[in-house]
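What follows is a set of structures to go through.
In the two assemblies presented below, subunit A is common to both, partnered first by subunit B and then by subunit C.
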Partner chain A sequence: MCGLLGKSANGTANAMLATKRTISLRQRFVTRVSVVKNSVPVVCLFLCLIFPALSHASRDIPADPFESVMWKLMVERHFPGGEVVFDSRVKVSAPKSAENQFHVPITVDATELSDVEEIVAVADLNPIAHILTVRPKKSLSFVGFRVKLQQATPIHVGVRTSDGVWHMGGAYIDAAGGGCTAPAMAHGMNNWMKTLGKTRASTRRESPLSARMTIRMRHPMDTGLAAGIPAFFMNQITVQDAAGETVAELDLYEPVSENPTITIKPKVGQVEETLSVLARDTEGNEFGFPLTVPAVAAQ
Partner chain B sequence: MKPDASPCCDSVDSTKHERRAFLKSSAQVLSAGCAYCAMAPLHAKLLDYKLAASEIAKGTWAVHGAQEYFNLDNGGNIVNVAFIEVPDGVVVIDTGPSKRYGEALLALIQRTIPNKPVLRVYNTHHHPDHCFGNQVFDSSLIAAPQGVIDNLRLEGDGFAENLYRLVGDWMRGTSLSVPTVALDTSYENVGGRRFSLFYLSGHTSADFVVRDDETGVLFTGDLAFMFRTPTTPHADIATWQASINALSGTDKDLIFPGHGPQDRKGDSLTQTSDYLAWLDGTLRHSVEQGLTMNEAMVLPIPDRFNSLSVLRTEYERSVVHLYPNLEDTLLPEIELTR
Partner chain C sequence: MQRKIWLALASSLSVGAVAFAGSANADVGIADIMGDQSTTEDIVSYGLGPRAQRYSPLATIDKSNIKNLFPVWSFSFGGEKQRGQESQPLIKDGVMYVTGSYSRMWAIDIATGEELWQYDARLPEGILPCCDVVNRGAAILGDKVFFGTLDAKIVALDKDTGKVVWRKTIGDYEAGYSYTAAPLIVPTEKHGPLILTGNSGGEFGVIGEVQARNPETGEMVWSRPTIEGNMGTLMGAESTMTGTKNESWPGDMWKNGGGATWLGGTYDPDTKLAYFGTGNPAPWNSYLRAGDNKWTSARIAIDPEDGEIKWGYQTTPHDGWDYDGVNEFIPFDMEKDGKMVKAGASADRNGFFYILDRTNGEFISASPFVQNITWAKGIDENGKPIFDPDNRPGNPAESADGKKGKSVFAIPSFLGGKNWMPMAYSQSTKHFYIPSNEWGMDIWNEPVTYKKGAAYLGSGFTIKPIFDDYIGSLKAIDPATGDIKWEYKNKAPLWGGVLTTAGGLVFTGTPEGYLKAFDDETGEELWKFQTGTGIVSSPITWEQDGEQYVAIVTGWGGAVPLWGGEVAKVVSYLNQGGSVWVFKVPEQLAAR
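After this line comes the complex of A and B, so read on.
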């Protein structure tokens, strides 16, 4: 419960492991650890008194319509803070059964909610549950993506509004499994590095005030769970308008499918507008490109 | 199982206690076992494909499966299989989804055409509903083009695993038996009958079509579907359409499609071609519009396809199969500026 306790235990472990440190350094460290140890109960008591909201027991977690065994853990880990409510305005489209466990399409439409700050999607029974987080900023609360599934699993999508409430939706997807532990298709080609980040994309105007942007980028999206292949995935996509204002931010995690294919709906004016996309992966590679939304009359 | 009690190490009390616990748990296991034994024969009796053959041309017998997707009730019997009496024996076209099916098929052949040996087994393509009954036949008789053999070697085990998941106990004991005869000739004489052999593709990368030159029955495998939505997990639609064109121009008296009733007028080819054209056009348009797969999956399907079974499910599966390649050709390439 109390984070400080864990910290001091870690510190001790680290000190024991670091055999090459000088004696004096170690002595100083051990002294510090014991000081921390002595003050632990006092600090814990203090924290618990002033932050009753931190205690998980105080949050009412509704029953999960998808009956996930991981539901409470998912809420604690990925939907912290505010109230959690299942809300039919969070529409999650997914197939009942995964035809291909490496590319399971999911579309989230929460455009009926206003003041959305972030959209968080998890696959409860995946070895790595967190799929992605989207901060729509200057976009409609809509995102399409594809995910790798390790086994049949409930999907939960939490949409947090500015009042801190998590509006939940979800789906249950049957799957043959193995999607997260098999090597990416890219590793079957000897030149996959050459096409890393190669991008196809389309932008269309959907209404006088919004566009639809679909981007598909070459990337193996290695989970680190396939034998001998370390984690290597695109973990960040940012879309900005011409004024440098953020239109949307996406944090991607290991379960996002190889060659990430993402659809979002930026809010735009009626004139032609050029948005810039910047994607980064876990090795620090950056891939940037402009995409132009035509003016209202042009389409 | 508890090892022999060794008095030197255990105290008397704990040994007694453990033995009691062991006896108690064995009793539970035994009673559960008995309940299972009582149920098992009943269950085994239920798993019967109840195959029946109907004569669709002289000496040509059709075994029709359900017009459904794999499920626990149909045991994967969703496919058309045929056998033909030739002067010296029997020729079999496809073998069904499981060992249990293969056994039922072999029994049916022996009942229908007694005292004649199976001389040849053809596999039309590598999909599991068509060739997982292979193992009950002498493997030296099973023939297919090299492409079918290669595909089976590559994907057969994965198919088997997935079928165990989809249809369960029906698959018991099923393992893959790959054809040992690689065909590449334009015809073959089997037991006094000439069969024309056609090497096509489109439904998969290797689709094999056989014509009995005596009866004029054309066994198309899954290049033709009748009143059943075509499936696309390995499809290349343009090639498939070309193969359908070729088959339309081939001499024949009757088409025996991979799924659905036999067809005298060529409707199976027309239906399959019409659906594939609509599917291709719809998905191309969807990709160009930037629709997500999920949005494409709920698009309306024209009424004229209502006579095709498993329509919405197969359409949804096809979106997943075909979308990525269409995206890789139709979405505009973007030059990176960074």
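After this line comes the complex of A and C, so read on.
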């Protein structure tokens, strides 16, 4: 750990936060975390000499405002490495009670954070917890999606910034049971495979510098937990701009609802721009289509 | 709920183990595949080497200590999908890669018998496998394992994680195409290693074809249809026509002519040719397709560089009995009359054991390996069958109402003197060990027209045993003379492959559930183990940490219970299973 601290910027940030945490440990939400990079060597020296045992100790994990019984396991598995802090800038919108446990809409808005590298969403009490991971490259730190819930559960969303810190937000959703273990609606039709990947999509401009893009692709998103139906789901979506640069990468997992409906907010210029969406499922089927963002309307 | 969480945790731990194992595992090279027969610590091809002789030079387990062979572990294929396990596992760096019915594959840690990963193909509704939901095995190259699925796709998986790398379509499953054979990996000078696949669906009027792909990307390099009149492709463009249109087919019948390459192929590093068997012509009613119907019920030798057919040899030209001659062609060097011949052997569905010159397909000899063959009086000196016109089912057009032709009793039955189950060739005894069946059938013809996705037979049939006490017959045959050296009789039909070793042993499984070992010179049964369900797969043997292992996949199923007629009674009591059994001689007994 100490060796690592000397090498990596992420590590140094972690060390700083470790000292800070002793003060804020009992706080449920840390509203502001500042990182002072030039004090790194001193911190390292201090930690290495005085607390060699601590260097291998696990991270201190703040208490969970949603009091999830799975919280520590979720952090270990899905939010590894850096410091974990609850942060009110990670806004998770979800219904208090799910109208339909197969399609529960969740929106994550972390646009107030900068240097976001990764957004990871989990449903703690789902048999498969990991819902999705988004890496916004040329897009705002925002994602909307729908999820299947097996029972009432806390949702945790970790937003990792480039300093390695996991900024956490979440919600608690009450739900009727069975969202993950029932067969997909598609299987009521015997030709469902024919429509695999068929897409409805829309883009509109939200600001001179960003757009809102929603795509809905036909896919059963089988979890493998319904009797006799193996796991089969859309697991990768990549959005690129006209120059081939990545706008956003999404890794989807089993809990994402049938016919995945995803909203992201690409950063764009003021002129018309055509983005391309490439999706792939666990069977290697690939789907791709272009989406055009209109130019800023003339005043 | 709690249980599921722990299951999830356990699986995430095992994924970690795979990643660790993966970093230590070497990739499989084409040289490893070509030399597979002599490297006993791995099995990286279907048939223990590209020639598929199913011979292992291992002799640690021999006639004297086979009695000490005991199971190490058994691994269940689980769930409700137990039936029809015809697979041969692959072994690499202490990991077993084994496919199962319903297009599934597992990676298993051989040291512990624990699962490393499982892949379940998501099959569409409406697949049309004619003859059960089987799969016969995988291929391995580089960091990938490959296998075919019942919806006629080929899938490449990361061998360390089981994740799909690519997946390509071999044929349209709605038209009856499927795929059950193990793919064949061959070297080429122009394209590097290629992965070759056949197809299934002869009962639905598909066109048999061999396709060659780049194993890295799955892109097609060439394709070669087996039925004359159809065009091949090379590098995305049409190449050459197979044969000459209408030379041996009337009218448009070649467009749905069958000739499925459903058992895969073998490769001979010596001649640099890939050998594929081709299946029955479609429809079964032979009066609808006058002529030899090339290349159905044949062996073809393909140049892997461009997909051109170098030679073809029909075992049953103008087949009228579903003598679906896909049977494997095993290259071997034969000493005959003091000369060494570059030969190849094939035990055909039609009951004759053929020896051909593998360099040019010239006929050397044919001898019956089952009894009382009726459809032909013999094979002439040119390798052509001497048909018995009385024993070809009659033309329905000549019957009073035109609906059913004269029925005949023919031997062997359409399930064949030998079906898919591969024979073995011992380099020690120079004998072939053929899993065969003694049975016949009543067969008659009916009118039929082609309809996409519907059975295209124009025949009715029922299979009957010809002896009271047995159907299955494992035979040792001397290829130089055609003499049968010994025979083991089994009550139920044999439906599993054979393995032979330098330890003087011949292994095969029975539908009654036994894995058995025989003396390769006398046929004496030396050992057996009851696995609890019928065996219809091919055994393997390899060496790990200085010990010799034997493995067999078990799980009753295949074509017999579906198509067996009267014979089905003999096997109707057999229970389904679905697992792999691994055996070795325990350390404390090894010295004895």
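One rule holds in what follows: the second predicted complex is superposed on the first by the 239 of 299 C-alpha atoms of A that agree within 3 Å, B and C clash if a C-alpha of one lies under 4 Å from a C-alpha of the other, contacts with A are read in each partner's own complex, and residues count from 1 in each chain.
The criterion applied here is as follows: a contact is a pair of C-beta atoms (placed from the backbone, for glycine too) under 8 Å apart; a residue touches a chain by one contact, two chains touch by 3 or more.
If you're wondering where the values come from, they're calculated on a predicted model, not measured in any experiment.
Q: Tell me which partner touches more residues of subunit A in the superposed arrangement, subunit B or subunit C.
A: In the superposed model, B touches more residues of subunit A.
Q: After the superposition on A, what does A:112 contact: first (subunit B), second (subunit C), both or neither?
A: neither
Q: Looking at A:283 after the superposition, I want to know if it touches subunit B, subunit C, both of them or none. Which is it: first, second, both, neither?
A: Touch status of A:283: second partner only.
Q: I'd like to know which partner A:213 touches here: subunit B for first, subunit C for second, both or neither.
A: In the superposition, A:213 touches subunit B alone.
Q: Per the contact definition in the header, classify A:76: touching subunit B only (first), subunit C only (second), both, or neither.
A: neither
Q: Which part of subunit A faces subunit C closely enough to touch in the complex?
A: Subunit A residues touching subunit C: 70, 73, 77, 125, 127-129, 151, 190-193, 222, 224, 228, 230-232, 282-285.
Q: Within the complex, which stretch of subunit B touches subunit A?
A: My answer: residues 161-162, 165, 233, 288-295, 297-298, 316-317, 319-321, 324, 327-328, 331-338.
Q: Provide the residue numbers of subunit C that touch subunit A in the complex, in ascending order.
A: Spelled out, the residues of subunit C in touch with subunit A are 1, 4-5, 8-9, 12, 79-80, 120-122, 124-126, 155, 163-167.
Q: What residues on subunit A touch subunit B, complex-wise?
A: 93-95, 99-100, 103, 105-107, 144, 146, 176, 197-204, 212-216, 259, 261, 263, 278, 286-291
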